[in-house]
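Below: a set of structures, written as structure tokens.
One chain, subunit A, links the two complexes that follow: it is found with subunit B in the first and with subunit C in the second.
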Partner chain A sequence: MIQQKIKNRLTKEKLMLWGVCLFAALTAVPLFAILGEVLLRGYDQLSWSFFTEPTPTAYKAMKAIEAGEPIPGGIANGIVGTMIMLGMAVVVAVPVGILCGAYLAENTKSRFANIVSYLTDLLQGTPSVIIGIITYIWVVVPMKGYSAIAGSVALFIMMLPLIIRSTEETLKILPSSLKEAGLALGGNRARVMLKIQLPAAFGGIFTGVLLAVSRVIGETAPLMFTALGCSFMRFAIDKPISAVPLLIWEFFNDPNLQELIWGASLFLLLFVLTLNMAAKFWCRTKVL
Partner chain B sequence: MQKTESIKPILEFKKTCVSYTKQTMAVKYVSAAIERNTITAIMGPSGCGKSTLLRAVNLMHNLYPNIRVDGEILLNGDNILSMQPIDVRRRVGMVFQRPAPFPTMSIYDNVLSGYALNGIRLSKSEKDATVERCLKSVALWDEVKDVLNKKGTFLSGGQQQRLCIARALAMKPDVLLMDEPTSALDPIATKHIEELLLELQKEVTILIVTHNMGQAMRISSRSMFMYLGELVEYDDTATMFTNPKDERTKAYLTGKMG
Partner chain C sequence: MSDKLYKVLLFVAALVMPTVCGGVIYALVTDAYEAFEHFGFFRFLTSSEWSYTEGAEVYGALPFITGTLMTTLLALLFCIPFSLPVALFVGEYFKGTRVAAVLSTVTDLLAGIPSIIYGLWGFYTLRPIIMAMNISPQGSGVLTASLVLAIMIVPYAASLSAEFIKMVPNELKEGAYSLGATRAEVIGKVVFPVAGSGIFSAYILAIGRALGETMTVTMLIGNTNNIPDSITSTGNSMASIIANQFGEADDLRLSSLIAIGLLLFLITAVINMIGKILIKRARIS
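What follows is the complex of A and B.
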């Protein structure tokens, strides 16, 4: 009787284990399916010129298709635009986000900090299309035109809560002895933060920035309202500019350029994967 | 007793009280005078308020707005409680229970971190001299002089704690507070630190919280016994250990309470 019960329990446990493994494997299926699909379709298009030349015109693409040749040109204008806007957004978002995160980590009990913390959560949950339209009202309308600046403002707003949160969380897990030791040596709170706490939290904060970048690099909706897009190489920040996700959308809408969708998608996907892996690596090696 | 009257105490508690909440006091009306260039041990069972009393001296309690410190604590006759924390902490160093060298700084920079944190710039030769002087005074120089650029966390626990003492000494404090500095260390490292403290009392007054009665007996000249926030007895260490006046002290020292 008891033998039988034990046997039943062991069988149940085995079933449970198999079930858990099965569902864990199932969650990995979409990821590999997406990667495989994009890789298979986009692999052919990757070439040196794909990264160095701007988007072809629909006419040129049509000619090439008629002649049975591969479509000339690439996504260089999108890469340049993405890098310019991301760069500007990061340069502003990193200091602002870190300072705000430091404030939140240090003042867990103040009412103002609680409100800021709540707003950060709200901002993180705000749909990107709304951030796009708000940036349109705030930046594009007063500047009387679409621009890389407007695009970077939208990306900045999207990155900010991610950087704030990662800074706050990393600072909170540092041992309090570090802060007390710094203060005991006569440092004021700002110096202890800058010279001891933030350097010690560098790994976590850097990981947060990488994840924030990989989160916004694929954003399309907010850039439609702000950067608009541009079919040739442009480095001016006060003019409309292209971005890789914008290009994917444009390629989708133009029957002649549809071939290029997969190359651009593959580039974006690989970029995000690389950033994520770098973040993982930093997380493992540098966090205390 | 005559000695304390002739020499002005460097540190003096006058009816010092510390409370975490309105109802309960963690330290109750402690009055005691600490003589210059001595080691004074603060003993007592867990939760008796000894660390709380120690942390009142360098205004560590200011970090937590709920904690109230009342009474007076005089450093060379000036009331610490009405001074700026930054000024107090430069004159009163502290060493914590767990060695906490700054993990991102080299051994060299750890020793000089007090200057960096106070925004004091030193020339290269002043820096070198300070690092050498402080590491020598904690008997760490010979062990680390070739690896000064390695991270402080690369050292062993005992070495890290000596590095933390060196870091506190670099600011040339009048008083050094130590909160169970050897409780995380092995017996050999503990012995090194104890020998070091006996040497250091020539240049700095040491106030040390310890759970270890043997340690108090070995290194301190004066001892305080605290119980439930009260200072029960304060006397020469030799007198207290051989002839305690209070029953509670006696019970603690003989292991009947602890």
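What follows is the complex of A and C.
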């Protein structure tokens, strides 16, 4: 009787262990399934011209498919657009985010800082499609047209809370003796922040920026209502512009261009995952 | 730079947050006002019609609210059997080992994949499987969307739950072991009760993620403007109707879409706030 009971408990114990291992392992399956599918279907599309030529028109693509040739052209317009919008967003979001994060780290007790901290959480949790609507109302409507500027404003709003949080958290875990030593040497607060705290926190902040970039680079929904997309190479910032995720969405909806989906996805996926890994690696080696 | 100037500069930078958030709420409310005024707040919420015939335009949010709730709850249901084992694997069974680090890297990478690529995978891989299994004829629908959504929220739920499982004090677990408990019993009788509130808040935040997910759902839910009558039928979520129709909408329809956006914003804000408060409480205790 008692032996039977003990046996039952031990079987349960084993079942639990194996169940946990099995289901935890199953969780890894989608990652490899997605990576595998995108790699297998996309690798033969990657070529030099894929990165240097803009997307073909649907007509050209149709002709190529009829003739049995690979679709000409690539995603250069999307890469250029992504880089332009991301560049503008980063240039504004990084300084503003660092200053705001420094404010939160320096004023932990003030009521206003509490509100700012709460609002940062609020903005971070806001669905990206709503950021798209907001930017449409704020920028696209007054400017009377879609533009790269609008797209970069959307990306800016999405990156800001991430950079604020990483700056604040990194500054907060620095030993307070560091700051006190600086102040004791006669440096004023600004100088101590600029010459001691920020350099010491550089690793954490840089990781935060990398993660923020990798988060927004694949965003599609907010760009649909702001940057709109454009089928040729364009460098003007007041006109509609393309981006890599927008191109994937375009290819998905156009039966003639569907072959190009996988090359573009492979590029985006590799880019995002490399940034992610780089951030993680940097985080492990450089923070303090 | 003097201390005073420095303080002012930081304060001005911090003012960005209230400005942006105030602007978000102001813009959503003023632009949604037309729809609420035209249909009435409660009628807009409870009407299931979505018709843009000129002259007889009727817009109601109920199908999309239902769609969002269905996909989110189903995703949560599918996510638990995977995220909980991952959390136990990383936070209890193999705590601090190399295998655990590998598994957390895997889930981190899952969290990094852009949602449009999840959508593509769901469309080209999962959808044919669902069709082949005869679950639904067209393959897309609430079920397909929720399955992919579940994969997307596993990393969030798992990493946060693992954090709380790790924090369970060793003395408590050792106490149970010394009384003769097996590891499974320790997990059931000590780890879950102690880490429970933290794990619960992790799932609340995962719900917050799933609610607003746009591209994946848009590509997989089938995009029909009706209340889904079963989990295999097609529908639309609040985010996907916006993604689908925002570009072509104007006047009353645009306002109705923005009104749906406002509702979605409020729902996610409340869910996230509850999650954050619960997490803070769980961390303190």
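Note that in this section the second predicted complex is superposed on the first by the 268 of 288 C-alpha atoms of A that agree within 3 Å, B and C clash if a C-alpha of one lies under 4 Å from a C-alpha of the other, contacts with A are read in each partner's own complex, and residues count from 1 in each chain.
Here is the rule we go by: a residue touches a chain if its C-beta (ideal position, glycine included) is under 8 Å from a C-beta of that chain, and two chains touch if they have at least 3 such contacts.
Note that the coordinates shown come from a computational prediction; the quantities given were computed from them, not determined experimentally.
Engineer: Clash or fit: what happens to subunit B and subunit C when subunit A is overlaid?
Structural biologist: fit
Engineer: Between subunit B (first) and subunit C (second), which does A:Leu183 come into contact with in this model arrangement: first, second, both, or neither?
Structural biologist: first
Engineer: One more residue to check, A:Phe50. First (subunit B), second (subunit C), both or neither?
Structural biologist: It touches nothing on subunit B or subunit C.
Engineer: Give one of first, second, both or neither to describe whether A:Val116 is in contact with subunit B, with subunit C, with both, or with none.
Structural biologist: Only subunit C is touched by A:Val116; subunit B is not.
Engineer: More residues of subunit A in touch with subunit C or with subunit B?
Structural biologist: With both complexes superposed on chain A, more residues of subunit A are touched by C.
Engineer: Examine A:Pro199 and indicate which partner it touches, taking first as subunit B and second as subunit C; both and neither are also allowed.
Structural biologist: After superposition on chain A, A:Pro199 lies in contact with subunit B alone.
Engineer: Have a look at where A:Pro175 lands relative to subunit B and subunit C in the superposition and call it first, second, both or neither.
Structural biologist: A:Pro175: touches subunit B, not subunit C.
Engineer: Rounding to a multiple of 10°, what is the angle at subunit A's Cα centre between the Cα centres of subunit B and subunit C in the superposition?
Structural biologist: Vertex subunit A, arms to subunit B and subunit C: 100 degrees.
Engineer: Regarding the shared-chain residue A:Arg191, is it in contact with subunit B (first), subunit C (second), both, or neither?
Structural biologist: both
Engineer: Looking at the overlay, does A:Cys100 come into contact with subunit B only (first), subunit C only (second), both, or neither?
Structural biologist: Once the two structures are laid over each other on A, A:Cys100 reaches subunit C alone.
Engineer: For the overlay built on chain A, what is the smallest gap between any CA atom of subunit B and any CA atom of subunit C, in Å?
Structural biologist: 8
Engineer: Would you tell me the residues on subunit A in contact with subunit B in one complex that are also in contact with subunit C in the other?
Structural biologist: 188, 191
Engineer: Can you tell me which positions in subunit C touch subunit A when the two form their complex?
Structural biologist: Interface residues on subunit C, with respect to subunit A: 1-3, 5-7, 9-11, 13-14, 16-18, 20-21, 23-24, 27-28, 31, 81-86, 88-90, 93, 103, 105-110, 112-121, 123-125, 151, 154, 158, 182-185, 187, 208, 211-215, 219, 239, 242-243, 246-247, 257-258, 261, 264-265, 268-269, 272-273, 276.
Engineer: Okay, in this complex, where on subunit A does subunit B touch?
Structural biologist: 109, 175, 177-178, 180-188, 191-192, 195-196, 199-200, 202, 288
Engineer: Inside the complex, what are the residues of subunit A that reach subunit C?
Structural biologist: Where subunit A meets subunit C, its residues are 9-10, 12-13, 15-17, 19-24, 26-28, 30-31, 33-34, 37-38, 96, 99-100, 102-104, 106, 112-113, 115-116, 119-123, 125-130, 132-134, 136-138, 157, 160, 164, 188-191, 193, 214, 217-221, 224-225, 228, 245, 248-249, 252, 261, 265, 268-269, 272-273, 276-277, 280.
Engineer: Going by the contact rule set out above, which residues of subunit B touch subunit A in the complex?
Structural biologist: 58, 60, 63, 65, 85-87, 89-90, 93-94, 96, 98, 100, 102-105, 113-114, 116-119, 164, 167-168, 171
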